[in-house]
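Below you'll find the structure I mean.
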């Protein structure tokens, strides 16, 4: 198969799926090796960005999804006549920040940082698909652990959790004059 | 106290995400150094706040009360004379609180950044799974216009040949129950059994679809979802609903609905 | 706005919609005249066909829809493996043909042509979205009239009902058989 044909097939697959499609699934469909497909994906993503396109491809943790170019948001929005704001409450963003920066975190830890109970906020985030249970802590009471989801990455325009600004960049703490 | 004032207080309270948030606000308002909090002033102002809430008969969240007791505890500790001579041993009673405040502030800032990411992310629109048929239908679709023509020719000539022997058809009086839920459920079940997944929009695309039809169809989908025989997925508000059958949906459901509603 | 930008916006709109979008809606979003937009749509459709693309644009009665390039169906199908849909039955094809070639036809007429009852076949076609009710005949009993839908056009790769193969040849045969 020619590279161009492969690219077209990938486009067709991503378009038809309407969702994230993993690199392994794409490779399987093409009966190619992931190692061969990955650079083609990068080229495809790149070319969409370079030539300016109405549809772009996003990479999220080894999966790919088509989306509209955010540059045309104001036009596409008119199609749905929806308002811009699909935002969460401040409490939800704080909780989400704590979970995003502390993978596998218990509710107790979240509550200790925020100083308020977090149960209902966590539930909201789970309902939105941004947070999921990731297991239980091997400690008394075996509390549930939480982590962010791929849907979080997608909705927050991140390719991977590593794309987040380091948490230290938000720190107010004095470093030098802190020695006791 | 009059209502608007109460509302105003409520608003002020709800603006704080918790005791740390309120404390931070007070520290900044008083232009204090976070590493050297004037615990007396802060405690007084904090309690004043809680008293205001109380006079307004507002529920004071237990989290706020807990912090009040922590502040009072620190304050009392700082009032006590230092007994130990060993300065190294002497811990600032405010230290834990300061660390908590700094930690909270860090995440509060991060939450603003996350909110910005969300706003950026909201500018992307995603398509739904394609409603095109990728089954074995490819050949059918490609040749079908021709097939249709041949079929039509075939039927008509066939029909003309046996026209004379055909008995007349009785006109049936059409009953006006086209849109009853039970009937629609059966239509939905049948479609789901054949397709596993259907798009709500696609299903009711018919331009002249009567409102009643759409409403009844929506009800029947909800009914199936309630019985966990179908899963509903909607990517965003007002967007298409993808109806997916679950393992619980079987051929026998078709019968069941016929029997129940007979 | 530059032509290229307009094309990109149209792509974004069609992609996000996932459905037919009318020329008038597209023009409204772009705040352009339909007369300006129509040739751009034609160019866009053309360019997708020429340069071979995974996604193409179809025109159906003054509306447009994105769809996967049918050339790649065999690959895309693998993505959806679990639901294989069936072809239509002979009875359904015949009924569909009658409705397609006789706009606004009653069940009685269909049954008269086919010589068998058509109720359940018509229902199947309605369920598939290929046929819809178009009103009632002003005659005793006010029987329901049927016609084919846009979905029918799309599924059968027709741009408009006029794209159906003409049936002049058929009239000859009719004459032969018709003497009673």
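In order of appearance the chains are A, B and C, and numbering begins at 1 in each one.
Criterion: contacts are C-beta pairs under 8 Å (C-beta built on N, C-alpha and C of every residue); 3 or more make two chains touch, one makes a residue touch a chain.
Not measured: the values here are computed from a predicted model.
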Furthest chain, CA centroid comparison against chain B: C
Central chain (by mean CA position): B
Chain centre separation (chain A, chain C; CA means) in Å: 38
Inter-chain centre distance, chain A versus chain B - centres from mean C-alpha coordinates, in Å: 17
Per-residue overlap in chain C, given as positions that touch at least 2 other chains: 12, 15-16, 18, 68, 76, 79-80
Residue numbers of chain B (touch at least two other chains): 125-128, 130, 132, 134
Chain B contact footprint on chain A (complex, rising order): 15-19, 58, 65-68, 70, 73, 76, 80-82, 84, 86-88, 90-91, 93-94, 96-98, 100-101, 112-117, 154-158, 165, 167, 170-174
Touch list for chain C against partner chain A, complex: 4-5, 7-13, 15-18, 21, 25, 28-30, 52-55, 66, 68-69, 72, 75-76, 78-80
Complex contacts: residues of chain B adjacent to chain A: 17-21, 34-35, 61, 63, 67, 100, 102-115, 117-130, 132, 134, 236-239
Footprint of chain C on chain B - complex, ascending: 125-128, 130-138, 140-142, 144-149, 151-164, 166, 169, 171, 173-174, 187, 190-191, 194-197, 201-203, 205-209, 240
